[in-house]
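In the two complexes below, subunit A is the common chain; its partner is subunit B in one and subunit C in the other.
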Partner chain A sequence: MIGNGILKGLTETARNFFGSYVSKDRLTTVQYPEQKIPQIEASRNFPFLVYDGADWDAGMRCVACQICEKECPPKCIFIEKSKDKKPDAVGKAQFYPARFDIDISVCMSCQICVEVCPFDAIKMDVEFDLPTDNRFSGLLLDRHKLAKSNDYYHQIHPTEASAVDAALAEERAKTAAKAAAAPPVAAAAAKPAAPATAATATSAAPQPAAASTPKPAEGDAK
Partner chain B sequence: MIALMNSGAFSAENLDQIFVLAKHALLARTPGMLQPLASAIISIVPLMIVFPLLFAITTILERKGLGRMQNRYGPNRVGPFGLLQPAADGIKALIKEDVVPAAADQLVHFFAPVVFVAAAFLGYSVLPIGRNMVLVNLNAGVLFFFAVGSVVELSVFMAGWSSRSKYSLLGAMRAIAQMISYEVPLVLAAVPAIMAAGSLSTVDIVEAQAGYTGIFPHWFLFTPWGIVGFGLFLIAATAESNRSPFDLPEGESEIIAGYFIEYSGFKFALFFLAEYLGMFATSALGITLFLGGWSAPLSFLSFIPSWIWFFTKLLALIFFFIWIRGTLPRLRMDQLMGFAWKFILPMALLNVFVTGLWRFLPAGPLNSIRWAVCAAVLAAPCIVLSQSLKQKKKLLLRTYHFAE
Partner chain C sequence: MSTLTLPTPLTTSPEPGHEERLLEVSMGPQHPSTHGVFRMNVVLDGERVVRLKPVFGYLHRNHEKIAENETYLGSMPYTDRLDYICSLTNNWGYALAVEQLAGITVPERAEYLRVITAELTRLLNHACLLGFLLQDMGASGTPLMYAFREREKILDLFEALTGARMMCNYMRFGGCRVDTPAGWLDQARKVVADFPKFLDEFEKLLVSNEILMERTQGVGVLSRELAIASAISGPMARASGLNYDIRKVDNYGIYSRFSFRVPLGSHGDVYDRYMIRFLEMRESLKILNEALRDIPAGPIIDPKSKPRGFRPKPGEHYGRIEAPKGELGFYLISDGSPNPYRYRVRPPSLINLTVLEDLCLGHNVADVVVILGSVDIVLGEVDR
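Up next, the complex of A and B:
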């Protein structure tokens, strides 16, 4: 009969209309600023820099190799290498970024920087709520704003972070073994350089390794 | 008002006539020379406040209702339950920049929304919104209503043509084609009520439906031709006020906003206002013609003031329009035209004939036979015509000759 389909449709919308007042399950809208749904592990937004330990400046994994800066398709990364060296995450003496800026108004979230980083220093963040009242300086993140702890990385990408921690622990063990096997060589190699830096390098080398041994276990526990 | 309170009891009758009495009390305090002018102003100003206010309420109801029909919340941010949303929308429309295209015909571009709103308001002058509450009781009221209603088409074309944009012109062409096509069935659907009442005056038409048999009213809706006439009237009114499923002139997903695409700020809001005012006016005419105007649906409910009944019926019809909008998808242009000319128009003509038949068949004890005959005469062609509307072409898998 004519109008059957219309009547069927009208009953459906009427059922929705009254049903939405009765059962909350029908209303799937998330009331955003008050309610937030947890993000899935694979989500990503903008890159951040991982640091180990409590001090963001000392524990930063980045060694200012500038590969990400060169690979970045929209050229949103700016790195300035330091003059001196300090031990990195696996205990080798390395440069560190004196300046590391990412312009997130230019970044296209392609994750290429993460894929090319040999030091597992740059990772993708899930934070999307980044409004600012200044579209120039507010969206240009410096190294302090970019630095986020390894614990945070574990929180947002647990599986990935555990794998990274395991790989880093292996590296650390290797470096420590090498240092133990040939201490005079290391001392001899360090001699031509400034003695003060060599001394800090050798004395600090085992320290992060020791500090970070419980790390992978902690990661696995999570 | 003070005089009214002093004079006496707030009986049901007084409450029914409260606005009429208030007007008389106000007029009594006006100097004689100014009385005609004051009378006009006192009658017009409330209309121009109440119906735009109803527009504001309808926008929030519509957005909330549509949201609920789609299992969403609808606007819920401004004020308690989002009820102040219309105020926010109005302020937004007012403070927006008014952009006029450089190539546009400035004068016509400016006047199109003004003419639209003016034409939409004019229709209210003959609508009885309560007992003794009609602005002017013209003896050709229904005719006047349709005449000013067709001015809307002029303003639509003014808007589409003066914007000098292909989209607005296309939208205007669609709108005018649609409005003219549906103007005919709209008028023809109204004819039976005029025939039955024997008058073109809206007040007389309401009077003709005012009686009761037992507790049931004598509305024209409760006759075979009334049901069909009201249905046709509703369909034609939906199309006439460019509402879904006949919202091709606006067609957000195809031509963005149709004939008013080049309007912004408050002029854009004026188009919306006028469109809704037009919808209220046609709904109100439908109420007047078929739903007994301001009369109560059951005799023992007559103690409730007539104007409350009018606005209750109006809100019910508005809700029906919202319901339809939330249910039906937009028609295609050819479906729209085919529906108007192949189904609505023949049915409306037939309905006029059936009304005559109803008039001359004997009532009284043979009333049920009269009912059956009229219903049969209407139902048979309805079924035949609806068969012809069905799509006969079967949809096949499409092959592209040049894609291989």
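Up next, the complex of A and C:
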């Protein structure tokens, strides 16, 4: 009979319509600003810079190696290297970014900066609520705006952050062991001091060791 | 495409003054039925199409030239944006071409993950296409929303695995970027197990609908000969009865391990192209069930593969896969530097679009929208 197919289709829509009064999983719409879906752990949006400890400037992991700047496909990262050095996350004296800008109007959230970073300094954020009325300076994030604490990183990507922390702790132990072993005279002289200060004191002197070590930490490989 | 030859009915115009009666209509580029910024200059004789000139390039982003100045890896996120509905198959096509160029092998688990993500992509692409096609035919809202409901479940899987719903940037040369998070495979099994319910519902909804059959059967017929002559690929070629599926022909990846059939149409009209997508989704589900059952544990990326400093040996290669829309190929020439010397995409959407005029001639202007919908284009890939 003609019209059979149409009726068959209409019973299907009717079933869905009345079914929505019975089963909740038929109601798939989420009323966004009032209701929010929990964030999926792996989600990514724009990069941020991780810092350890309480002071964002002193604890920043980035050593201004400029690899991410070079590898970024749309070239949205701008880095200016510092003139002086300060101890980094694993206790080696390193440069730090005097300027670190990311233009998130250009960034395409591809995560390649995260993959190539040997220092686990840049990670992906999940913050998506970023509207601004100034599309130039409002979307150009400087290093202060980009800096976020390691605790925040643990909060948004717990599994990944724990793996990174474990890898960094291993690296730190290795550096401390090397600092203790490499210059036996200096280390023996500095024995009474705490191990952390010994590491910072000695690392300023053996420059070649510090320069030859920025090998990828393989933190991303997991 | 600028020098389209005029079809014969017009050059032998029957009566003097015929040309004056013709009406030129510019459909697009902002027309909601053109699936993006695509324009068709349609010449009408009454309601009948006598000439059709596709105009595109509104979304041109210079992808191929940009790729020559990027590292090999740097082009990977740009491939997401070719056919932005199926970013994972684009990733695979590019990764496959580079792997074959450089002779990189892929670990077992990564091959399975690639098949799983690619077949999920096929499901969501076909579901989307059917929704869009029915929307174009005037079935406003309902089928599209049903299809998008299913698509969202698959996109959630993609987000949990890759971090992004659509711009996944997941595959790497020699494997995949990250392993599955805990419980992901079970989640995927559940989505795959629930999918046939949606297919049944969707088939009941409109497959035997008389209005739909009236509007699609015998409309936009693509003959087998023309399909071969114009290098049409994918579901569109198979709807015309051309048994050509690169998953079967090339057996790339690990497709030879799965038992699935290639559905073929016999008429080559819009209805066949509509039905072929249903059948392909059912076959994809078979592959997915087998892949999700057999996926082994192990590494997901070749240990020699590094994100930086990748330089393949000089040479050239054309790598291709069966993307949901057809044959997606990447042609690469390497001169041994970190950037490809030449980078060229063979997009299925663009090649399938070349027969649009042949399909539309003689039909009503309202059918043009339906025929274009059945070709399944994404302008990100047509214009690149």
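Annotations for the structure displayed:
Operating definition for what follows: the second predicted complex is superposed on the first by the 169 of 222 C-alpha atoms of A that agree within 3 Å, B and C clash if a C-alpha of one lies under 4 Å from a C-alpha of the other, contacts with A are read in each partner's own complex, and residues count from 1 in each chain.
By our rule, a residue touches a chain if its C-beta (ideal position, glycine included) is under 8 Å from a C-beta of that chain, and two chains touch if they have at least 3 such contacts.
This is a predicted model, so every value here is computed, not measured.
A simple residue count on subunit A separates subunit B from subunit C, and the partner touching more is C. By the touch criterion defined above, A:S20 lies against subunit B but remains apart from subunit C after alignment on the C-alpha atoms of chain A. Applying the stated contact rule after C-alpha superposition, one finds that A:T159 touches subunit C and leaves subunit B untouched.
Looking at the shared chain after the overlay, A:I6 reaches both subunit B and subunit C.
Residue contacts after overlaying the shared chain place A:T28 against subunit B and subunit C alike.
In the superposition on the C-alpha atoms of chain A, the part of subunit A touched by subunit B in one complex and by subunit C in the other spans residues 2, 6, 9, 12-13, 16, 28. The residues of subunit A lying in touch with subunit B in their complex are 1-2, 6, 9-10, 12-14, 16-17, 19-21, 26-29, 31. For subunit C in complex with subunit A, the residues that touch the partner chain are 70-71, 73-78, 80, 142, 146, 149, 152, 156, 159-164, 167, 169, 177-179, 181, 201, 204-213, 301, 307-308. Residue ranges on subunit B touching subunit A, taken from their complex, read 65, 68-73, 323-324, 326-328, 382-383, 386, 389.
Across the interface of their complex, subunit C is touched by residues 2-6, 8-9, 11-13, 16, 28, 40-44, 67, 71, 73, 108-112, 115-116, 124, 159, 221-222 of subunit A.
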